[in-house]
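Down below are the structures I want you to see.
Two complexes come next, and they have one chain in common, chain A, joined by chain B in the first and chain C in the second.
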Partner chain A sequence: MTDLSRTIENTHKPVKGRSLWTDGIRRLRKKKLVMICFWIIMFYVFIAGYVQIAEWTGSNWPANWDESTGQKYESPNSQNIFGTDIFGYSILRKVLYSTKISLKVAFFASILSIVIGVPMGAAAGYFGGFIDEVVVWIYSTLSSIPYILLILAFALVLKDKTIFGCKLAGATTVYLAIGLTSWVGICRLIRGEIIKRKESEYILAARAMGCSGGRIIFKHLLPNTFHIVIISFSLRFMSFIHAEVILSFLGLGEKNKPSWGAMIDSARLDLPKGYWWEMAAATMAIFFISLALNIFGDALRDCLDPKLKTD
Partner chain B sequence: MKRIVKALTAVVLTGAVVYILYSSFRSRDNSSEDDMVIYSGIGSKIASLDPGNIGDTSSSAVASQIFECLYDYHYLKRPYQLIPKLAEDMPKVDEDRIVYTIKIKKGVYFTDDFCFDGRRRELIAEDFVYSWKRLANIKYLSRNWWIFDGRIKGLDDFREYTKSCKSMDEVDYSRPVEGLKVLDKYTLRITLTKPWPQILYLLAHLPTAPVAKEAVNYYGKSIINHPIGTGPFVLKKWNRGSYIEMVLNEGFRDEFYPSQGQEMDIKNGYLADAGKKLPFADRLFFMLIEEDPPMWFLFLQGKLDASAIPKDNFQQAIQEGQNLSEELVEKGVELKTYRNPSTYWIGFNMEDPVLGKNKPLRQAIACCIDKKHYIDLFTNNRAEMAQGFIPPLMKSYDPEITERGFHCDIERGKKLVEQAKQLNKGMLPVLTLAMPSTDVVARQYGQFYKKSFKEIGLELEIDYMDWPTYLEKMHRKDLQMFQSGWIADYPDAENFLQLFYGKNVSPGPNSFNYINAEFDKLYEEASVMPDTPERTKLYRQAQEMIIEDCPAVFLLHGVAFTLHHSWVENYKPNTFQQGLSKFRRINVEKRRAYKY
Partner chain C sequence: MLSYIIRRSLYIVPIIFGVMLVTFLLFNIVRGDITDQIAGKAASAETRAEIRKEFGLDKPLFFNDEYSPFTTAFWDSQFFNHLKSAITFDFGYSYNDRELIWDKIKRGAGPSLALTVPMLIGTIVISISLSLVAAYFRGKWFDYAIVLLSITGMSLPFLSFILFGQYFLAFKWGLFPVYFWPDLSVWQYTALPALIGIAAGIGGNLRFYRTVMLDELGNDYVRTAYAKGLSPQRVLFKHVLKNAMIPIVTQIILAIPFLFLGSLLLERFFGIPGLGYLMIGAIGSRDDKIINAMVYISAILFVIFNLITDICYAMVDPRVKFD
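Up next is the complex of A and B:
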């Protein structure tokens, strides 16, 4: 009898509800590989942050990448664990410094593409009609141009231009070029999601209560589609790192400071001479962040997308 | 009906198979005949084979086998010496050094062509007058007008006249030009506007080679594809984007391999063919290979007779100490090194408010560059340190200059920077150096300069730009500092001195915008003097003036490395002479025995 009452009591114990985010994080935590990837990403972010702070505060290491730490082309050794380049600069310092450049470019480019893509997609999806036609026309036109060529064109146009008194150069040109050309994907996703949700009961209720279009979009629709933005952010972050590498390799990126692309470009000439370590260091750095972002992005999508939820 | 179709298909297929087999056998036959052929690689497409409008090295290399000039450089003698080629002798020059009388060789013929109506066409003095008027014709749009611009009496007026003509066909070439007179069939008289001793070097320059009027009229615009010259070879086939084949000009006059040279030439075997009739080769093949790696591999396979050393293969080809690697020595490859008439520098815009008026600052920059390290890093030690602008190849080069000029001296540089700060009445701003490229090598140069400037306490920003932007900014005097260089067109230091002449400021060749009345006076005096010790003295004096004023930091003089297989004989490099294939001999046995 007692046991039975206890069972009944347990059954009626109130279960704490889980939000989409809490549920997602709980699911992510269960996956060991994903958590390893997460900490790899955090490690890169920490390096980028550390280099940025070191630069602001005038600390030397590793912001002083342009100081010789050995002879030219030293192979990896105890003093220079990734070896040195043509000037005797430490490859390790260059790789660490490049992390800041690449992550900064990818971060700002992602933010820019979200700032452009999300409101445009939301407006097109919610209002439809002429606005939708204009937005669809713009992104269809943009997406019909090969991506890399489009970025190259934007980078060339923006290079050395002065906007609002600021001269665009180096990393700024790169993230503007990437951000201005890569909002199409997120715009499409948000537009589709908004079209799907705008006839939902809670939206109809909001409309019946007299809410304005802007309020419905920003207060009700976007928070419910934000997981798409997060997933897209994590997956695109990686492609933006690659885009930065490509632009730097083609000589349109940061020129006075090292970046992974510039390192690969420079190491390309050293490979036939047998100096492999700069190429190896830069590609390994790109490889680990790409792999981590890919696995983490996929897992995030699995956890946040209700259709793909599997436990 | 079906049977007919089947039969026809069978016939077509059999025919195709037979044709393929025949072609392959025929090409094999050709390859067995290839023994007396010289195979060369060219790095870029041939734009034109019309000498009047040739401006690139690949086109010049090919066209110079077909066309000849009045004068040429001696193949073996050094320092470079001019000798008559189409001219009978060296010109007679009047006392004022204004009038040149030139006798043309008799019995020189253009190669046979349809345009001559089946007759042999002899070269006459009138052909030179026609060809040079053609250069002046503005409708022809020659890129080589600079050669005669303002130099020959009345030729500029002729150019003005052509502006009034509606088309090229309307231009009357019989219109007299005061400075270009034909005294008889084989005698030409040139009257200059003022003394110009360098004219003889220009008369050895391919764009001044004679072309036949009949050929130009017959082929019209397609003359660029139909080169009709007087040289030892004639064009047989031009497969655009692939190769050019030339064969021996059967009607080529008697010309002989030189019998004199330098002392070392006998030891090096360059005089083994002395006095023998030229050319030695029957055919020439110029293969278009735009990328370095295939050029290098074809050379190693023995399919090219000679090759430069691509930067990426330098380690494979050359050992420490600048000797040929054992692998290539075993293959019988020979290395030839020779000086280039070139100087490279960091130039200062003397109109810049910071640099122009601050000599200590310019000199400080000259003290911070470690030229030896620079040469080691970027040229694989294929260069010599420069202290002045006259390269060691020139007769007027001062061997003692290596002791003077600015050497890498950081302490001296720092002191000069302090002086520069006082002169500037405060801190020095960030300086900007323009690089004419955005590629990785340019970025490496940029990093080197930044590091060097930092050592004496100067902050430097590198402005990487593409070549057209760089040129445009340079012409507009928009650059503060720039990396640049000059390769001489002829072996006379005047070609370098004019780069600092006040009347040549941008958009002219004086990109430094350097103006010094004293230097200009020296230049004006020296540039019209014949080649004498007095002139050499003036050249050196002018150079000292430049070193002291420091409108540029002179970095290096180039040294070229080239490789050839041992079966190519008489391979003596020559910086200024073109059309060298006629001197080369192929050792057939050695080529056959070569194994890759």
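Up next is the complex of A and C:
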């Protein structure tokens, strides 16, 4: 009896519901390891932002990576904690500067793939019919070409091209090549999710109110599938960083500025001579952010949408 | 069933046509005139015209309007020659050394397969056995160690595996030859690259197979098997492994087309004269025709093996619907 009365009493209080996001973030914050990974990612983002601002404001450190700070091939010491390379440049500065280039490439590639993939997936899923068939045909075609070969072909063709009066060079080519080839995954995910959701009642209600197709997609369906974009973003970011490394290494990327791939490329010839520090620094820089993104992305998926198949 | 197979096979036609379109778009339209790169910047106008003529780059892109559509000359354009060369698998000559591209590919396939086949087998055997053990000890420290190992393996860049592996195992400790040499036997020069490839590939595969095993363990038939009183080993190796075979076999069949691609980076570092090495060389010298041929061939292989998996699915798994 007392239980019942308490229940009745409770119903009078307004119960504040938790949205998918607050609930997910609440659960994420309970996991220590995940939070550590989150702060590692933030640390990298901070470095990239700091270097960019330092470059804009003309401030010296660490944008002045091309300034010798010691003899050539100094092993790690108190002056240069990661040592120096063949020109006496500080490896630490190069790593910090590379962080900017690599994160920028991965970020723009992600944005590009979202901008292409999400509307196409949404349109295909919502309208069905001919549009759906065309979109499915395009992404089946692209996904039947091995990923690395496709990126290589795009990067090779786009390199040193002039499009709309802008000359594509260095990092721009890399993120165009990655972005134009890797929207397939997100497009497929969004299409599947929209097909699942477009039969639900709130869409029926919106349609009964006379909403247009575009309004239903952008105002109702996409906000409800946005967590998929975020999960895929955090999981794909790592593969974009690794793709940038390989492209820069193959000479299709940034030439005159250091990036992690370019650092590995220049360290390749130093390694047999026993100068391991540049290689080690670049490897560690890639390793920590990949590890953090991996763990954080998985945890994010587990919290927001555990059934999502992202592989 | 038969109608399903026919329908499914016909579906590859638009995909292959799409691949042809993509390669045409990339290499003929976006790329534009590349005679500069073939002939060098100092070449005279006549040399360039000759080269253009040699590779058919002087022809119109789609249709030759000067002729009527009922003559063959009307169809003698870059686009239709591209389609023709793709359908007949005649990719012509390389820009740089005027060798038949098909000959180059045939020559490179052997060394590439000698590297990638042991790599695939090693990766699969090791990661499936480790994933079974991890599933057996799920939630215990061994499982956590496996997860940690796989995430670490996935996070390290592939280039670091190669460079440090080559430096320590071959150069410093002299366990393997550092570089390809024609006198070496196949086993000698592919041993180290294959080992490095296995080490780098285990991370992702191990994680995939572990997820597959754990997904299977959540099914009802596992509970039934335990309820019958079967030992955990028997459940795992007899029942779970058998049911997990579908994703495993899919994964393996879909990995086969990539075997023919070779490994770009491993072949580059160890000087193995395979298809990966061929492609790296083509990127360096901007030899589009080789890249074009490789994109096309690998896409065809992928589509065909995809078809094979789907048909196998339909034959093996009675739950697949034919519509």
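One rule holds for everything that comes next: the second predicted complex is superposed on the first by the 290 of 311 C-alpha atoms of A that agree within 3 Å, B and C clash if a C-alpha of one lies under 4 Å from a C-alpha of the other, contacts with A are read in each partner's own complex, and residues count from 1 in each chain.
Here is the rule we use: a contact is a pair of C-beta atoms (placed from the backbone, for glycine too) under 8 Å apart; a residue touches a chain by one contact, two chains touch by 3 or more.
None of these values were measured; they are calculated from a predicted model.
> In the overlaid three-chain picture, which partner chain does A:I53 touch, first (chain B) or second (chain C), both, or neither?
neither
> Contacts for A:G251 in the overlay, against chain B (first) and chain C (second): which applies, first, second, both or neither?
Both partners.
> After superposition on the shared chain, which partner residues are touched by A:P272: those of chain B (first), chain C (second), both, or neither?
Touch status of A:P272: both partners.
> Touch test for A:A205: chain B only (first), chain C only (second), both, or neither?
Neither chain B nor chain C is touched by A:A205.
> Could you say whether A:M42 touches chain B, chain C, both of them, or neither, answering first, second, both or neither?
neither
> Using the touch definition from the top, say if A:L33 reaches chain B (first), chain C (second), both or neither.
In the superposed model, A:L33 contacts neither chain B nor chain C.
> Tell me which partner touches more residues of chain A in the superposed arrangement, chain B or chain C.
C
> Thinking of the overlay built on chain A, is A:V115 touched by chain B (first), by chain C (second), by both, or by neither?
neither
> Could you tell me if A:L291 is touching chain B, chain C, both of them or neither one (first, second, both, neither)?
In the superposed model, A:L291 contacts chain C only, not chain B.
> Report for A:M238: first if it touches chain B alone, second if chain C alone, otherwise both or neither.
The second partner, chain C, only.
> Where on chain A do chain B and chain C both make contact?
251-252, 268, 272
> In the complex, go through chain B and note every residue touching chain A.
Its residues touching chain A are 311-313, 315-316, 377, 438-441, 443-444, 446-448, 450-451, 461-462, 464.
> Spell out the residues on chain C that touch chain A in their complex, using ranges where they run on.
For chain C paired with chain A, touching residues are 14-15, 18-19, 21-23, 26-27, 30-32, 151-152, 154-160, 163-164, 167, 171, 208, 257-258, 261, 264-265, 279-280, 283-284, 286, 288, 291-292, 294-295, 298-299, 302-303, 306.
> What does chain A use to touch chain C in their complex?
137-138, 140-142, 144-146, 148-150, 152-154, 156-158, 161, 238, 242, 245-246, 249-252, 260-261, 264, 267-268, 271-272, 276, 279, 282-283, 286-287, 290-291, 294-295, 311
> In their shared complex, at which residues does chain A touch chain B?
66, 72, 86-87, 251-252, 255-256, 262, 265-266, 268-269, 272-274
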